[in-house]
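Heads up, there are several structures right after this.
Next come two complexes, and both contain chain A; in the first it sits with chain B, in the second with chain C.
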Partner chain A sequence: MTNLFNYIERSSPIHRMTGAAKLACLLLWSFAAMSGFHTLLLAALTVAAVVLFRISRIRVKDISFMLGFTFTFMIVNNLLIYLISPEHGVSIYGSRTVLLELFGPYVITAEQLFYHLNVALKYTCTIPIVLLFICTTDPSEFAASLNRIGVSYRISYAVALALRYIPDVQRAYTEIANAQQARGVEMSKKASLIERLKNVSAILIPLILSSMERIDTISNAMELRGFGKNKKRSWYSARPFGAWDWISMAVCGALVVLSLVLTALNGSRFFNPFV
Partner chain B sequence: MDKDIVISFDKFGFQYTAQAEPTLYDINLTVRKGEKVLIAGPSGCGKSTLAHCINGLIPAAYPGRIIGSLTVGGRDAVEQGLFGLSKTVGTVLQDSDGQFIGLTVAEDIAFALENDGVDTAEMHEQVKKAAALVGVEKVLSHAPHEISGGQKQRVGLAGVMVNSVDVLLFDEPLANLDPATGKQTIQFIEEIQQRTGCAVVIIEHRLEDVLWRKVDRVVVMGEGRIVYDGSPDELLCAGLLQSAGIREPLYVTALKYAGVQLTPEMHPAFLPELQLSDAQKQQVREWFESRPAPAEKAQTPVLLQTQGVDFTYDKGHHALKGIDVTVRRGEMLSIVGTNGAGKSTFSKAVCGFVRPQGGSMMLDGEDLSSLSIKERADRIGYVMQNPNQMLCKPMIFDEVAFGLRNRGIPEEEVRPRVEEALRICGLYPFRNWPVSALSYGQKKRVTIASILVLRPQLILLDEPTAGQDLAHYTEIMEFLRSLNEQGVTVVLITHDMHLMLEYTPRAVVFHDGRIIADCSAAEVLNSPEIVAAANLKETSLYHLSMLCGIDKPEAFTRCFIARDQEVRGK
Partner chain C sequence: MKKFSVKTIVAIGIGAALFFVLGRFVSIPSPVPNTTINLQYGLLAFMSVVYGPVAGALIGLIGHALIDFSWGWGIWWSWVIASAVYGALVGLSAKVFKMQENELGKKGLIKFNIAQVVGHIICWGVVAPVLDIVIYSEPLEKLFAQGLFAGISNAVTTAIVGTLLCIAYAAAKPKAGSLTKE
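On to the complex of A and B.
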């Protein structure tokens, strides 16, 4: 059964960091990467992300599916940008160096290529970090981490519960789908798309109804054990921050500052090699 | 006021906001420290409502009008509120899986402490202690699906005991457990009570299973009132159970059939202490010898035959190890065994939900392996345990017609076939009703009708009576029996030993992916080796026959069942 949170238990310094610190680092890192188009910084972050990945001892094959998925997304994203706005780079960098004329409005300019390089770098420096967080954070610690960085504990716990119940719902889905297939619900390609969509409802309705029963049980069970009694709650799996947690958060904080400083010095969010 | 009283209902009544009539009337009940009280009664008698009043879900989660008073731990229950009561009353719910909140055992036990904001280091200590108390300290880091049903229930108990409560309230603790685990649970509740001195309140309609260990008092409820409150011995002699819709322990019924006059001095409520005089034992023996041996059914042609069916899940779990089963036309048989023994996997293999890696399955001479799920369903009907997992149409007629319409059967043929299936299931008057207006038992019948309409030769039901009281159990099982008499072959997967004894002449016992017994249900339950290996529970008739010096417990059991059917058939 595939879990949304593909926690892979290994022994590494990154696994040993607390979930809350990792979450904070993830957010800071992403902000540093997203706030500007400073090509050198993005390239450096990409290299650093790959190095961190090595340190975490997560192998590429552990995450090949998610990696493939996000890289496909990156390519689609770039293609769409080009299709919709082929002169976007020109308007940003203020110059136009035509390399190749295609057809109609589609020309390839050095500025546009450079812009795409930057977009790609944003993906390559953040995706590994997101995957790293997903693979090295014990799901148990996740809710506690969210709560620690300021999300209300009710919402944090809702996330934890979702993690708890995803495998159950998956199991129920398979069982219901089997029983409904036996009643003649066609889920294979033999049926047309509209037919299949209709058939999905024959599985989803019982799934939702039986999940409602579960929700009733679980909410009673939670209230009976005092959930929602106080404004704050503690967490069994919370851990105090260690030296590495502080250092990592400081480094990631510094990255944000660096990105902002670069923007200020540059006078723009874009590093421009064309002037 | 008496300091020992932990729960006290005084002229208490309750009416749910959404209902026209009160659910509880004039309840007067006290529970003292260290007492063990069983509250029994059929579905809808108000026993769960009573439990919800004690733990505060009423009125917090289920609003309504309260009259009279209820004090818990000497203070008014409503004033304390749900959270206040949770410090005094620990509730273990029926659904041990559904109430498992945490991602791991440790987190689940810690849940109440987390909500109190207990410091993490101290919490770890307390969790360890509570886990050790209930014996789950070795599985603290396990996820819920990695532990057994019995362990889950222990975790649930540990989760409320971290609050050091005075009352432990068990809401139908046996409903989802296999017989042996249920037996252990009852014993375990007793141990915990002795160790902690808590008052224990057990809500359960399976009287015999709870009485396996001593209880101080039994409270019987019926239609919102307490109809009996006293010692279990007197209850069994009073003959009140039948009218209250609760099943008597089998040995008690057997003694009555034999004409033995029960008195409280004989201690009929606790089998190990049951006192029978030599004359009474003689009476039982004579009754047994006077009964005609039940007739054997003639053998019919083979319908389903599996040979060497072998299946291993992707993750490497070897679930079926060479299963050979023969089901004859017109049979009604039980498949029993622990969770994970392979019963469900076997039924999935027969229905085509999983594809065995080895062996063969023939239905009526036709090889099943070449048929798709849908094609098999025309021959073998599968009914899931929870009807809500099957119902997908708002109206009953459409629900039953669903399988036919999916198969492209013309509408003029659909109508008579659906109506026929509804008639067989006793649902014809409801054909234009919405499904949501039906009771659980009726919904179950709708799902059976929706399978029968496909005219399968064999129908396979997963736990058809789980969680049902005697009346609903009887309704569902009598219905299945009548189907069987009309020629449908019925295979039941069950944990219910009564069901197996009463309704299925034959039982197939699964254990660890193999079949360890395939014989009469009475034989299975009178064989201590099979009972132990497959986590079943010996019937009390076995012990009774031993007590009376009858050396053929199996024949005695069959003789009892035959007599019981005569009596109940009337």
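On to the complex of A and C.
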């Protein structure tokens, strides 16, 4: 329960970076990956992501569950795209090279395959970085990082509160669910869907009403301690930036610029080998 | 930067925690494979009515982002933003139509449900697909199919869960002027 976000404590250069720098890098990296469909850049980012993973000393077996889940999601998503829109690649790349005729509207074209390759690369270049961030950043440092990269401390504190109270809410939920089931509220597949929805509400109502009491208690306690009186606040887990933090943020910033330059040079967000 | 009250901040934190727990652990399997019914939007609509549009938007944003983080597939920004927009829309309409969360009568509940259904239509039918096209350039038909399913199932669960919550909350809170002189 405490390890909900899969923080894995090891000693590696990536673990030693500050959370704020890692968060900034994560955002810049995802922006570089999201802004275009430049196949070579995406492939290079994928390779770089895998290398970074090696450096972080996180093993594949530490995250095999999450990886499996994510890859299923990616495959389902790709299948769904093909099922619903088998000619999407053709409309993007503006040419049509039929490789194989299936049945009905389902034709395999080189353009469509290339488009799917790009979609898959988009996942493979961002997923390792997200996993890396999750596995190497202490959740308690996360809120401090948000404040550091410019999010107002009130909102950062709300995030910290959310992280702090997730285990509590979870425990309260389990207790109420057990109590209600002991009183005969059916939650399993035996009940119909609508029935089950109603029964879940029997758990939610006490859960949410008690949470609202908790909101009152916490906000009174915070107010008594003078929260929100000053413009700034300090964080227990904040650390100053080191050399590596600056270097990696600069590299990720450069990636964003590179992606934008490629888009400008190319004249479109898509790298098109079919012209 | 506009000042939030301490209560709003705490409501955002606890609301996001609730949103996270409901979205991550409390899933009701639906007849459609690989999809679960999202209870958290009922909660989100309710919290937006009680604590206002800003709290609603941030509960949706933080809660949804944390869910995505914990699954490890990265943040699916388009849907995270759609959740935030949903919270803001319901919160705003509660303000505009003057829904009093502690005495929603039949009229209030109807207003609440109209607001939440319209909110879902805008979020999953417009905001999420448009952002998906901008960010991920996915085919239109797929996105609208996904959005349609998400929108309908979310609207149904919100109607049931959100309405029940509003009724329970109204019953638990003392109403203005409920004290009588003896």
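Going forward, the second predicted complex is superposed on the first by the 272 of 275 C-alpha atoms of A that agree within 3 Å, B and C clash if a C-alpha of one lies under 4 Å from a C-alpha of the other, contacts with A are read in each partner's own complex, and residues count from 1 in each chain.
Operating definition for what follows: a residue touches a chain if its C-beta (ideal position, glycine included) is under 8 Å from a C-beta of that chain, and two chains touch if they have at least 3 such contacts.
Bear in mind the structure is a predicted one, so any value in this text is a computation, not a measurement.
A.B. asks: Touching A:205, do we find chain B (first), chain C (second), both, or neither?
C.D. replies: In the superposition, A:205 contacts both chain B and chain C.
A.B. asks: Quick check on the superposed pair: does A:160 touch chain B, chain C, both, or neither? Answer first, second, both or neither.
C.D. replies: both
A.B. asks: Who does A:37 touch here: chain B (first), chain C (second), both, or neither?
C.D. replies: second
A.B. asks: Which partner does A:127 contact after superposing on A: first (chain B), second (chain C), both, neither?
C.D. replies: The answer is second: A:127 touches chain C but not chain B.
A.B. asks: After superposing on the shared chain, does chain C or chain B touch more chain A residues?
C.D. replies: C
A.B. asks: Is A:182 touching anything from chain B or chain C once the two structures are fitted on A? First, second, both or neither.
C.D. replies: After superposing on A, A:182 lies in contact with chain B but is clear of chain C.
A.B. asks: Touching A:140, do we find chain B (first), chain C (second), both, or neither?
C.D. replies: A:140 contacts chain B only, not chain C.
A.B. asks: Looking at the overlay, what does A:170 touch: chain B (first), chain C (second), both, or neither?
C.D. replies: A:170 sits against chain C, while chain B stays out of touch.
A.B. asks: Is A:223 touching anything from chain B or chain C once the two structures are fitted on A? First, second, both or neither.
C.D. replies: It touches chain B and chain C both.
A.B. asks: For A:237 in the superposed arrangement: first (chain B), second (chain C), both or neither?
C.D. replies: Touch status of A:237: first partner only.
A.B. asks: Can you list the residues of chain A that meet both chain B and chain C?
C.D. replies: 160-161, 163-164, 168, 201, 205, 207, 209, 214, 218-219, 222-223, 227-228
A.B. asks: In the complex of these two chains, what residues of chain A are touching chain C?
C.D. replies: For chain A paired with chain C, touching residues are 4-6, 30, 34, 37, 63, 66-67, 69-70, 73-74, 76, 80-81, 84-85, 88, 92, 119, 122-123, 126-127, 129-131, 134, 152, 154-155, 157-166, 168-170, 173, 189, 193-194, 196-198, 200-201, 204-205, 207-209, 211-212, 214-216, 218-219, 222-223, 227-228, 269-270.
A.B. asks: Name, in rising order, each residue of chain C that touches chain A in their complex.
C.D. replies: By the definition above, chain C touches chain A via 1, 3-7, 9-14, 16-18, 20-22, 25-26, 28-31, 34, 37, 39, 42-43, 46, 50, 58, 62-63, 66, 69-75, 77, 135-142, 145-146, 157, 160-161, 164-165, 168-169, 172.
A.B. asks: What part of chain B is in contact with chain A in the complex they form?
C.D. replies: Interface residues on chain B, with respect to chain A: 55-57, 60-61, 82-83, 86, 91, 93, 95, 97-104, 106-107, 110-120, 123-124, 127, 144-145, 159-160, 348, 351-353, 373-374, 376-377, 381-382, 384, 386, 388-392, 402-403, 406-407, 450-451, 454.
A.B. asks: Which positions of chain A touch chain B when the two form their complex?
C.D. replies: Contact set of chain A toward chain B: 139-140, 160-161, 163-164, 167-168, 172, 175-176, 178-186, 201-203, 205-207, 209-210, 213-214, 217-230, 232-239.
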